[in-house]
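Just so it is clear, A, B, C and D label the chains in written order, and each chain counts residues from 1 on its own.
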Amino acid sequence: MVVDGEPGPKTKTEDVKLEGRSPGQLMWIRFKRDRTGVISAYVVGFFFLIGLCAPLISKLYGKDPYTVFADERPELFDSAGVPVQPNGGISGDFWFGLEPGNGYDVFTKLIYGIRTSLMISIAVTIAVVVTGILLGVAAGYLGGRTDFFIGRVIDFLLAFPAQLFFIASMPVVVSLFVSPRDETPTYVRVVALILVQWFLGWMSLARILRGTSLALREREFIEAAKVSGASSWRIIRKEILPNVVTPLLVQATYMLPAFVTAEAGLSYLGVGIVEPTPDWGQMFAKASTELVLRNDITYMFFPGISMIIFIVAFNLLGDSVRDAFDPKAAR
Amino acid sequence: MLRFLVRRFLGAVVILFLLSIVTFVLFFGVPRDPALLMCGKTCNPDSIANIHHVLGLDKSIPEQYWIFLHNLVLGSDGFAQGPCPAPCFGYSYHSNEQVWGTLIDRLPTTVSLTIGGAVCFLIVGLGTGLLAAWRRGTLIDKTATAGAMVLSSMQIYFLGPLALAILVYQTHWFEKPAYNEFTANPASWFAGLIIPWVVLSTIFAAQYTRMSRSAMIEQLQEEHVRTARAKGMSRRYVFFRYAWRGSLIPIVTIFGIDLGSLLGGAIITEYTFGLPGLGNLAVQSVFFSDLPLLLGVMLFSATMILLFNIIVDACYAFIDPRVRLA
Amino acid sequence: MTTLTKEAGTPSPAGAGTLLSVRDLHVSFKTEDGIVKAVNGLSFDLQRGRTLGIVGESGSGKSVTNLTVLGLHNPQFTTVEGEILLEGQELTTARESELEKLRGNKVAMIFQDPLTALSPYYTVGRQIAEPYMKHNGASKRAAWDRAVEMLGKVGIPNPKERAKDYPHQFSGGMRQRAMIAMALVCDPDLLIADEPTTALDVTVQAQILDLLKDLQQEFGTGIIFITHDLGVIADMADDIMVMYAGGAVERGTVDEVLRSPQHPYTWGLLNSMPRLDADLDAPLEPIPGAPPSLLTPPSGCPFHPRCTFQDRVEFRDRCVDVRPLLGPDRGSACHLTAEQKRTIFIEEIKPRLG
Amino acid sequence: MSRGGRHVYGALSVLAAGALVLTGCSKGGSDSGTNDKKDQENAKRQQSSIKFGNAADSTGPAAEVPGAKSGGTLEVLQRDSYAHLDPAQIYVSDEGSLANLIHRGLTGYKATSNDGSQHEVVGDLATDSGTTTDGGKTWKYTLKDGIKFADGTPITAKDVRHTFERMFAPFINQGPAYIQQWLADTPGADYRKLLKDGPYKGKHLPDSVLETPDDKTIVFHFKTAHPDLPYALAMAGYAVVSEKGDTKERYDKAPVTSGPYKVQSFKSGKSMVLVKNPNWDAKTDPIRHQYVDQMNFTFNQQFETSTKALLADSGADQAGVSFNNQVDAGNLSNVLKDPKLKSRVVSGYQSYVGQMNINMKHPAMQDKKVREAIAYALPITPFVRAYGGTDAMEVAGGLISPTVSGYDASFDPFGKKKKPAGDPEKAKALLKEAGKLNMKLTFGYINTPEGQQYSTAMAAGLKKAGFDVQRQEIPAETYYDQVSKLDNNYDIFHTAWGADWPSASTVIPPLYDGRVIADGAQNYSQINDSKLNSEIDRVNQITDPVKSAAEWEKLDQYIVKDLVNVVPTAYYKQSQIAGSKVGGLVYDDVIGGIDPRRLFIK
C-alpha cells in the first residue's frame, strides 16, 4: 500500500504522554529506545575511547608506532621491507602485523592514527559549527544587507573546486606558520588541515541555520521578545540559539565523519599528515603503494575496515539522532 | 529563460573572476619559486632572474594578473613558445605546452571516466533505490539499504587500491587501469576504464540508492500522492508518475553537483588509478608550482561546477512547473 | 433520517437505503512506542444522499476512519478489525485491485489542503481527467472534455483555459473547487470530505459549502463531512457523530445534537466555539487538559480525566472503571443519567452559550 | 518504519564489512626476493677506463652489430614525454637517450665492445676527439666532409659557433653549462654576461674565445686547462643546432636534426614517430647505425604497463622496447630469475651514487669522530628498502659509481656492505670518545613518500648510536635549492649525484672542491680541504684519461675514509626489457640504459 506515512495520531499521543518534558529529554528518551542508534553510539564511543587512550593502550601492549622494526627485527623482512611471514606478519607479537616499508607495528599505528584523525576532525567540526552559527544566524536573523553579503560569500565559496583548493592551499597554509627553512612540526600540519577544511566546510551548515533562524524570526515569541525591548544579541542568545540546536546537532553528527574521510583523503594524496606521524589517511596512502598492492594486501584491511565500521556507525548514529529529534522524518 | 541564462552566466563570470584572483593570491602565497624548478643543475640568482623575466614573474602581481586576464580574453602572440589564441592561459612552466591545449588533451580521460561512471551509478543506484522504495520494508529493501549504507561509507582510496590489489595484482583478471583513446580502440578504452568505473560507481551508486530511496519514500508520503491513490490510480502509476516526478528534484540537484565536480577532475580516482585526467593534472600543477596550469585547472573545474549549477536550475523548470526562471 | 447504530459486537444488517455501514471498527497502528488504538469499536451508517458530520478534536480518529474506508492505510503497520460495508461489499478484506476500482469511482475523497493535495507537477485538467480515464475507460480527449465540463460545473470561469493551468496558478478556493471536480468526476455514490474548508477563508468557505450542497442535490451523493468546526456542521450535515479518542461519544440529528447536546465533551466543544450572537462577556472556555494518549487510553470513560462533571455521577468510580455505552440511535456515551444531562445543559451550559 | 527493520540492516552492515576481511589474506614477503648472485655479477661489471680516440677511431661507418638486419618498425614505450628536443635544453637521461638518435655533436662515445661496457671518445662531426697542444687550453676540431642536417644543408663551423653562442641566450636554461663556464672562465651563471642575448642581436663571441677560421675548423680557447673537453662535447646538450633553422624557443619542439633519424611527428604527451634521415651518411658516423626504418614512440606508459606489454611479447610489442622505462619493482625479481628472459633483459647501473652529506660548516660536525660515528651508525637498509630492495639499489662503498672510469668494488671503509643496517655499537663508542653522546643532529630530508620512509628509519638507527636526531622536512621541489644554501640548518642530508660523463672529474670537483662553495653550488657538505683542493687541480690537468681515472679513485678513497664529509649510501641499478624480435639489445653504461643506436628488428 502506498500511502504509508506514520499515522497521524501517533506523534500527537506521544506528545501528550511526554507532556512537560523538554525537547532535549524527549530526544534522549526516543534515542535510548533506538537500539541501532545506541549500538552505533557505543561503536563511535569505542573509537573515541581508543583515540583518547592510544598512549595507554600502546604502553600496555608494549610497542609504539615509531619503532622501525625493519631494522630492529630484520629477520622479519625482505630487503624491500615486506614482512616475510604470511598475512603481513601477523603474530602474537604484532597483532595486526607489520607495515611494509619501515615495518611499523600496525596495531599501534592504527590506534594512534585514529587518534590523529579524530582530533583533527573534531576540531574542524567545532570550528565549522561556530562559524555556521555565527554567520548563519547573523544572516537569517539580521537579514538585509548582512544576509545578502553572507549569501554571496557562500555562493562564491560553493563554486570552489574544494579538493583542488585543499591541495593547492595546504602548502600555502603550512608556509604561513613556518619559514620554509624550518622543520614543519606536526601541529602545524594539523592546524593547516583544520583551517583549510574549515574554510570550505561551513557553508552548508550556515545555510541551514540561516533558513532556521529566518523562519524563527517571523515567529511570535521572537516578535514578543522584540516588542518587549530585548536586544538583538539577547534574542539571538536566548531565543534563537536554543531553537537551532536540533538542526545543529543533526548536521554535526553528519559532518564529523565527512571531515574524517576528507582529512584522510588529503593525507592520502600526500598533502596532509605525513610519515612517521600515524594517521588514518596516511595509512591509506601506504596501502595504495605498489609494494602493498602486490605483496601485502592484508595491511590495507586494517585502516580500511576500521574506517568503514567507524563511518557506518557514525552515519547510523546520525540517522538515529535525526529520528530522535524529528520522529516524523521519513525513513 | 533567456534572461535567466544571461543573468546566471554573468554571475558565474563574476565568481570565476574572483576565483582567479584568489588562485593568483594563493599561488604567490606559496614560498616556492617555479624558477627553481626550471633552473636545472647550474642554478644561480642570475639564471633565476632570467627565468623570472621569461615567465613574466618579475612584473608586479597586479600587472601579471592584468596580463593574464588580457591573454585569457584576447589571446596573445607574446609567448616565446608560440602563439596562444584565446582562451589563453599561457604556457605551462613545466611542460612548455599550451595550458588550454593540455586541458583539452586531458579532458577526454576525465569525461570518459565521469560519463561511464555516471551511467553505471545512475542505473544501478536509482534502480536499487526505486526497488527498495517499492518493496519498502521487505528483505530486499533491508538488504539494499544495509548494502548501500556500507558501500556509501567506503572511500575511493580504500576501494580503489583494494580493487587493484585483488583484480589486478593478485588474480591478474584485469589490466591495470589506463586511458586509451576511444577512437583508437574502443575495446581497450573500455578495458582500461572498467575498474575505475566500477569503483567510482559503487560508492556513488550506494549514495544514489540511499538518496533516491528516501526521496521516493518522502514523496510517497506527500498528500498529493495520497490524493492520487484516493482517485483510484494504481500503485505503479502513482509510484512512477507522481512520486518519481517529485523525487527528481533532489536527485537532479545532487547529480548536477556530482557531475560538475567529477568533470572538473575526479582527483582521488584519477590519482589512485593513475589516469591522466584533469584531476591528476591539478595535482601535478600544485606539485610543480605551475601557475598557468593551476589557474587553468582551477578555473576549468569551477566553470564545470557553475555550469552544472545552472543546468540543474534550468532542469528544475522542466521538472517543476512552479519554478519560474527569471 | 436513520442513524442506525448499534453497540459494539452487535452488527445489524444494513438497511435498504444504506450506502455505507461501519460495524465495530477497530484500527490500530504499530509504532515505535507501541500499539496506537486509533479507532475503537466504531459503528455508524450512512444513507444515500444524506450527509453525516463527524466532529472531534484532531486525533480523535475521524480521519483514520475514513482513510480506512478507502483502504488508504498502510497495511504493514495497521490492523483493521470489524466491517466496512459499501452497498453490502465488504471493504476491509477486499483486494487491492477491487479497492482501486472503487476509489475515485464509487467513493471519492476531498482533502483539507488542496494545495498539497493536488500534484504540483501536472495540470489541473489532467489530474481531473485521470480517474475518469481509468474508471470509465474514456479516451484522453473525452476525459479532458469531461474535466473541463466538471471545472465549469464547480464554478471555475473559463474552464477550457484554466484546465491547462497548474494548481499553483489557482487561488485557494479555486483549488478546492478543482479538488471537488476531481472527486465528483466519476459521479461517486459516497463523498468523504475531510475538513474541506478548514484551510480556506470564511467567504470562500461558504461558497464551497454551497457548492457541495448543490452538487449533492444534483448527484444524490452521500457525504461524510469531517470537521472540528461545529458551525460548518450545522450548515452542512443532516446527522452528527461526535468522536472522542477513537470512538463515538454522541450522535443524533443536527438539531438534536446542537440544540440539546448530552455529552460533557460536546458541551465542551460548543463552549469553546465562538458565536456571533453570543454574549460578549461570556468567556470562551477551552476543554481542560489535552486529548488522551491512544497508546494507553484511559480506563473506563475515555473522557473522564478531562471531565468536570464526573462528580455528579452516582458512583463516581464508574467513570474510571466502566466504559459508557452509546446506543444505536440518538444518545451519548456518558454515565450521567438522561435527566442529569438535560438539566446540566439547560442550567449550566446553555446560559453560557447564550 | 519499525525498529525491527533497522536492526536487520545494522546487522547486515556489519556482516558485509566483515566479509571483506576474509579476502584479506596475503602471503609473506615481497616478490622481489634478494638476488645475491646477480649482485655479484653486477659488482664485477664496471666501466673500464675510457680513452680518447684518434682520427682512425673516428672514421665511419660504425662496426656492424653482430646479426644486425635493416628494416622494420620499432615500438618504443616511454613513461615521460620528451619535454625538450632542442639539444641545448637537454640534460636529463630520457632525452639524452633520444638525442643519440637524432642529434650529433663534435664528439661522441663509441662502444668498443658489444656488451656496452667499453667505450672510447671519438670525433663524431669532428674528424677526431680533439687536438690540444697546450695541455688542454686550446682545442682544435675539424669537421668531417659530407655531414648534413636533415634538411639537407651542410653542417659548417658557423653552425657549431651558433650552437655555442646561443647557449648564452636567456631562454637556454636547462642544458649543461660546462663549456660556457670554461669559455667565460667564470663559475656559476656568470658566463651569461659574456654574450647577454646570445647571437640573436648581432653580437658574437670574440675569436679569442671561440674561433672559426674557416667553414671546417673550430678552435676553443680556454684560460685554464680543460682536458675533459672531448667528454663534455659528447654531451647531448652540446649537439649541433642549425643556424638557419634556429627558431629559438620553438626549436625545442621541432629541431633540425642531424642524426640517423628525424622527427616525423611529435605529439607531446602522446606519441612521436622517428623516420630515417636520408641526409645522414653512415660513412661519416663512427658511432651510430640506422637499422630500423621507423620508431613509434608511445608516451605515458608506466613501468608496469611497459613491462607487462613487453613480457607478453605479442603483436607489435614483439618489436617493442623502452629506452628508459625500467622493469617495474613488482616484476623485477621474476624477470631476473626467468632464464627464458635472459636474452631479452639487460641490467646495469645508473650513473647515480647516493650520499649522506655531513655539513662541515656546523661546528659540531667538525669533529672527525662524530663524523665517523655517523658513518658507522647510518643504516643504509632504509634507503635500499624505500626504493625497492636490493634489485634496485646496491649498498655503496665509495663515491665513484660502477659506470664511471676508475670504480673500485672492494673499497668499503665502514663495512657498509657487511652491515648495511649500521654499526651502532661502534658508533656509540666513537661518540662517547668524542664526548658527544646524545648530541643533537638535524637531519633534513626530502618530503616524498620515499624520503619520509627512509629518513624516519635512518633517524631511528642514528638514535640507537646515541644521536638526538631532529628530522626536518624539505619540500621535494625545492629540496636541492634548500640543501645547497650555505647557511642551511641541516647537519646531515641525502643527495644523489650522477656523473655527466664517465669520468670522476664530473663528480669530485663539483661536489668536493672547497673553492666552489657557494649558494646553489653542489659542494653540499661544504668541505674545504686544502689537500683535496690541490689534488683536484693536479688530477684535472692529467690529459691521459686512464691515468686520471686511477687518480680520481684515490681521491675518492681519501674523501670517504679520511675526510668523512659524506657517507656513500647506494648505487642505483635498473633492469630493462625488450620484445623478442628486438636485436642488438645492450645496456650501455655511458647512456645508463639500453643503447638505442644498435637496435634492429630480427
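Methods note: contacts are C-beta pairs under 8 Å (C-beta built on N, C-alpha and C of every residue); 3 or more make two chains touch, one makes a residue touch a chain.
Since we're looking at a predicted model, the values are computed, not measured.
The minimum number of touch steps separating chain B from chain D is 1.
Chain centres computed from CA atoms place C at the largest separation from chain B. Once CA atoms are averaged chain by chain and compared with the all-protein CA average, the nearest chain turns out to be B.
Here B-C and A-B are compared, and the pair linked by more C-beta contacts is A-B. Rounded to whole angstrom units, the spacing between the C-alpha centres of chain C and chain D is 92.
Distance from the chain B centre to the chain C centre is 54 Å, each centre being the mean of its Cα atoms.
Inter-chain spacing, taken between the CA centroids of chain A and chain B, is 23 Å. Chain A and chain D have CA centres that are 47 Å apart. The residues of chain B that reach two or more other chains are 32, 136-137, 149-150, 162, 166, 169, 225-226, 229, 235, listed in rising order. Of all residues in chain D, those touching 2 or more other chains are 1-3, 10, 13, 17, 20, 304, 330, 475, 478, listed in ascending order.
Shared interface positions of chain A, defined as residues touching 2 or more other chains, are 1, 3-5, 33-34, 171, 180, 285, 294, 297, 300, 304, 308, 312, 316, 331.
Residues 137, 222-235, 241-242, 245-246, 319-322 of chain B are the ones touching chain C in the complex.
Across the interface of their complex, chain B is touched by residues 1-2, 5, 8-13, 16-17, 20, 23, 81, 83, 91, 170-171, 173-177, 181, 188-190, 192, 248-250, 252-253, 268-270, 300, 302, 304-305, 308, 330, 475-478, 481, 518-520, 522 of chain D. The part of chain B that touches chain A in the complex is made up of residues 11-12, 15-16, 18-19, 23, 26-27, 29-32, 136, 149-150, 152-155, 157-158, 160-162, 164-166, 168-170, 214, 217-218, 220-221, 225-226, 229, 235, 238-239, 261, 264-265, 267-268, 271-272, 279, 282-283, 286, 294, 297-298, 301-302, 305-306, 309. For chain B in complex with chain D, the residues that touch the partner chain are 32-33, 36-47, 50-51, 53-54, 80-82, 94-97, 102, 105, 136-137, 141-143, 145-147, 149-150, 162, 166, 169, 176, 178, 274, 276, 287-289. Partner chain B is touched in their complex by these residues of chain A: 1-5, 155-156, 159-165, 167-169, 171-172, 175-176, 179-180, 257, 261, 264-265, 268-269, 271, 281, 284-285, 287-288, 292-294, 297, 300, 303-304, 307-308, 311-312, 315-316, 330-331.
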